[in-house]
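The structure appears right after this line, and notes come after that.
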Amino acid sequence: MVQNAHKIEVRHLSKSFGDTKILDDVSFDVYENEFLVILGPGQCGKTVLLNIMAGMDTADEGTVEFQDQDSNMGFVFQKYALYNWKTVEKNVELPLKFRGVGKKERGRVAKKYIDLVGLNGFAHSYPAQLSGGMKQRVGIARAYAMGHSMILMDEPFGALDAQTRYQMEDELLRMRNTEKATIVFVTNNIEEAIYLGDRILLFSDKPSKVVQEYIPGLERPRNNAADDFMSYRTMITGQMDLAL
Amino acid sequence: MYQEKERPLWQNVLLSCSGILVFLAIWQCVVSFGIVSTDKLVAPYTLCMTFIDKLNNVVPDGNTILVHIATSLKLVLAGFALSCVIGVPLGVCMGFFKTFKALFSPIFEIVKPIPPLAWIPIVIVVFGIGMKSELFIIFVAAFVPCVINSYTGIQSTDPALLNVAKTAGASRWQMFFKVGVPSALPMVFVGIKVSFGSAWATLVAAEMIASSVGLGYMIQQGRQASRPDIVLLGMLVIGIIGGVLTGLLGLLETKVIPWERH
Amino acid sequence: MGETLEMTGGKMSRKYRYSILSVISVICVFGLWWAASVWNTNLAGPIDTAGRFIRLVENPIMGVPLWMHVWASVRRILVSFVLACIVGVSLGVAFGIFPTFKRIMWPVFSLIRPIPPLAWIPIVVLWVGIVGDTSKDIIIFIGIVMAIVINTQAGIRQTDELLLKAGKLLGANKWQLLIDITLPSSIPAIFAGMKTGLSTGWMSLVAAEMIAAKEGIGFLINQSMKNSSDTALDFIGIILVALCSAAFTLLLNAIERKVCLWSKMRTK
Amino acid sequence: MADQPKIVVKNLTKVFDDLTVLDHVSFEINKGDFVCIVGPTGCGKTTFLNLLAKLIEPTEGQILIDNEPADPKKHNISFVFQEPSTFPWLTVEDNIKFNMRLKKMDKKVIDQRADEILHMIGLEDQRQLYPKDLSASAEQRVVIGRSFAVHPDLLLMDEPYAQMDIKVRYYLEDEVLKLWRNTGSTVLFITHNIEEAVYLSQKCMVMSQKPTTVKEIIDNPLPYPRNVSDPEFIQLRKSITKMIRWW
């Protein structure tokens, strides 16, 4: 994995809100086409970090450098952030519309990704008619439809029940086989991190910094009850407790 | 995104004041430079003079401004209080008890779209010209929003909260008094504020149509005497009193409902 | 099983009972009206009113047929409502998206807002005269526009920050954010404002026509006071206003249901 | 204690229009048991709990508590919903006393119990605050405290921790076990999370897809406190997962 080209270099990021320091000298790299998981306890400033990477917020210190010109990226939100007054199709099309893509092309791309996330037949439904898992599928389709090779996911399955969550994790991995993308995935769930990640960065509680890097070389599909999976989990749990 | 930039307090105050000052300045200029004739608009300065004059002068409407204010206030408060006392209980009961709703909501639906002033001719026949008629009109005006908001308030009680009480063994009455009513209170207050506004507006019109004293009567007489200063003064006083009383109700609300996020 | 059957049966009969109660209460309203007319002979009862209605259609007041009065009122509401929507939404949007503009102008707006629309009647009549529709249109406009401005700006300021953030990340510029996100998400609030405005509008209409008009439903109502207390005429006016106002509200509700389909939907 | 079951459910069935949600569910629960109900997503668990709480009437079947038909007015039933359901107009302390006051318990007992509960959930210093000033997890703890305060015959919990951060969740799971042990209540706890079910329960009731039936009731003899990486724990989790896996 690690031999892939650098995609993003994050160097010495620090950020405070008032007197509380949120990020403290955070440095890491993101590699081309990897599945990077950022794991840390709740409210530890992971969202702030993603905001800074996406250019929605500025750091007090430090830099985020992109290796190619395209510094744009897709984004998936924990609370879906769907537009209730637009159908599934229109939601997925929206980023293309903003960029001035023609109607026909928009429809084609939207259809492709709606099918990819398994929502064919729901293109003309409104978000209020969908279950939580389906809403997040729309969110993911929309992020892919933007056509960037980089997608940030901020606890995307945090609001789903445990079983739907397992299902969505598998879906996400399946999509990665067909659609190449670099994914930065934020979560507070250790099991989820090990199940998904090519590489895991463990963050401490506020002020957050990178405590540990793990590269779980487990074979996919991974089994969350297997011994090596569990020993990873125990290890990270221990580290996370120490990091608090 | 649409949040205001952080500014020091003095800048905010300055900006807010500047709006009012510019408004007053334009108003004064429009009149002073004769752009609008003084038959139609008087300058803010003249308005102040009229106010001082009106404290003692009974021309053209037969009473000093303080008498007008007192009469109007007395009426509006009486009618408003009456409508709250009857409207709020009716609204919450309609929202909670189906029998109550079945009985009263058709009547209410019939009365609701009738503009309160349309009652004036009938009311005059029944009660004659005077306090009683005006009281009735104000009552009707304030009553409708009171009922509607109390009704919606109790209807939108979180069902989970009702279920908590129900599983804990609460009786229907306990659910009404311990869950429904308190959870409706914020909306009830919204209704009370709206209904005050409605009462005040209706009072002014009622006084214009069928009265011989009060602020509404004063501005109507001002118009007939072609005294724009009296008319504008009346409007201003009506606006200020309405604004202040609504503000007081808001203050009362924060006291009565300390659990709400204001 | 027997118990459950009884249960559903009980529910059915309860529903039935509620409808009966409602019918009874409507009958009671008419009964009370009739009783009041017996008790006070100056007051027209339901039958007198119906008779008066026929006479009114046959012998119009001052030669203006009844439908002309209704149309005069409806036209005024329509014109003022459309104008108030345009002005109110624009002003509300301006207040909503330019905080500094709001900071400066809101105090002026707050100074004018508590003045009831009806209190404007004398000054408006002084300004534009009593003849013609302008004075009435202005009064009704003032009645409608306030609620629309307030609700529009509140709706815009309450736009979910997350949706705006998402919009920016999806690549929207400021204009696109406004058109595709802020405005549609404020539509329910704007409709609420329109509905409030409309009912204030009808109230202002009646007052304005009672005080300063030569035709319209409010004028009819006012006439009923003059012609030796013709209360039947007032009842006709009341019923007409109530019907028109209810029709407008229904229409607006129907439009809202169409436009805001998405906001009322539930998971299947 | 073991001679007579505390709660007996016989042939419980619920049909909505044409849709059979619950199909002849029968089981028994002993006094003081902690039972977790797990099943696939959308299997009608919430309908099941609403039936037990008598919020809706069954199409068929019976629920007996102490050999009498369950009745919220007679029996002590408490319900914890997924969304925090504190009364916004009551302070933390008054929220905790709400159920006890409904039961018209003695004032002294109410005060004493409220103090105990506030101590157990560690919100003594926040007793005068309104719910709006609490975090979501603290709010949920108030609700759970309120439910335990009456020492309920039957405490129903519908995924109370679904919205919580995982770290908070571990902490609250230990807290609910503490409350359960100290009050001797009988708890029925619904969850989607199999690990949570294995961590908490003495018995796991595994439900099927709709129309829902009880597939199996699995005893969980592991001693408390449990360790999620214990091989026996993992084995139990695995076997339950296998029974309901749909994804």
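Each chain carries a letter (A, B, C and D) given by its place in the written order, and its residues are counted from 1.
FYI, a residue touches a chain if its C-beta (ideal position, glycine included) is under 8 Å from a C-beta of that chain, and two chains touch if they have at least 3 such contacts.
None of these values were measured; they are calculated from a predicted model.
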item: Remotest chain, chain A as reference, centres from CA atoms; value: B
item: Chains linked by the largest number of contacting C-beta pairs; value: B-C
item: Computed distance of Cα centres, chain C from chain B, in Å; value: 17
item: Between chain A and chain C, centroid-to-centroid distance (C-alpha), Å; value: 49
item: Separation of chain A from chain B, taking each centre as the mean of its C-alpha atoms, in whole Å; value: 52
item: In chain B, residues with contacts to at least two other chains; value: none
item: Numbers and ranges of chain C residues touching at least 2 other chains; value: 165
item: Where chain D touches two or more other chains at once, by residue number; value: none
item: Residues of chain A that touch chain C when the two form their complex; value: 54, 56, 72-73, 75, 77, 79, 81, 83-86, 94-95, 97-99, 126-131, 142, 146
item: Residues of chain B defined as touching chain D within the complex; value: 158, 160-161, 163-171, 174, 178-179, 182-183, 185, 257-261
item: Parts of chain D lying in touch with chain B, wherever the complex brings them together; value: 53-55, 72-79, 81, 83, 85, 87-90, 98-99, 102-103, 130-132, 150, 156
item: Of all residues in chain B, those that touch chain C in their complex; value: 1-5, 12, 15-20, 23, 39-41, 98-99, 101-107, 110, 113-122, 124-126, 197, 200-202, 204-205, 208-210, 216, 219-220, 222-223, 226, 228, 231-232, 234-236, 238-240, 242-243, 246
item: Touch list for chain A against partner chain D, complex; value: 41-43, 159, 161-164, 166-167, 170, 188-190, 225, 230-231, 233-234
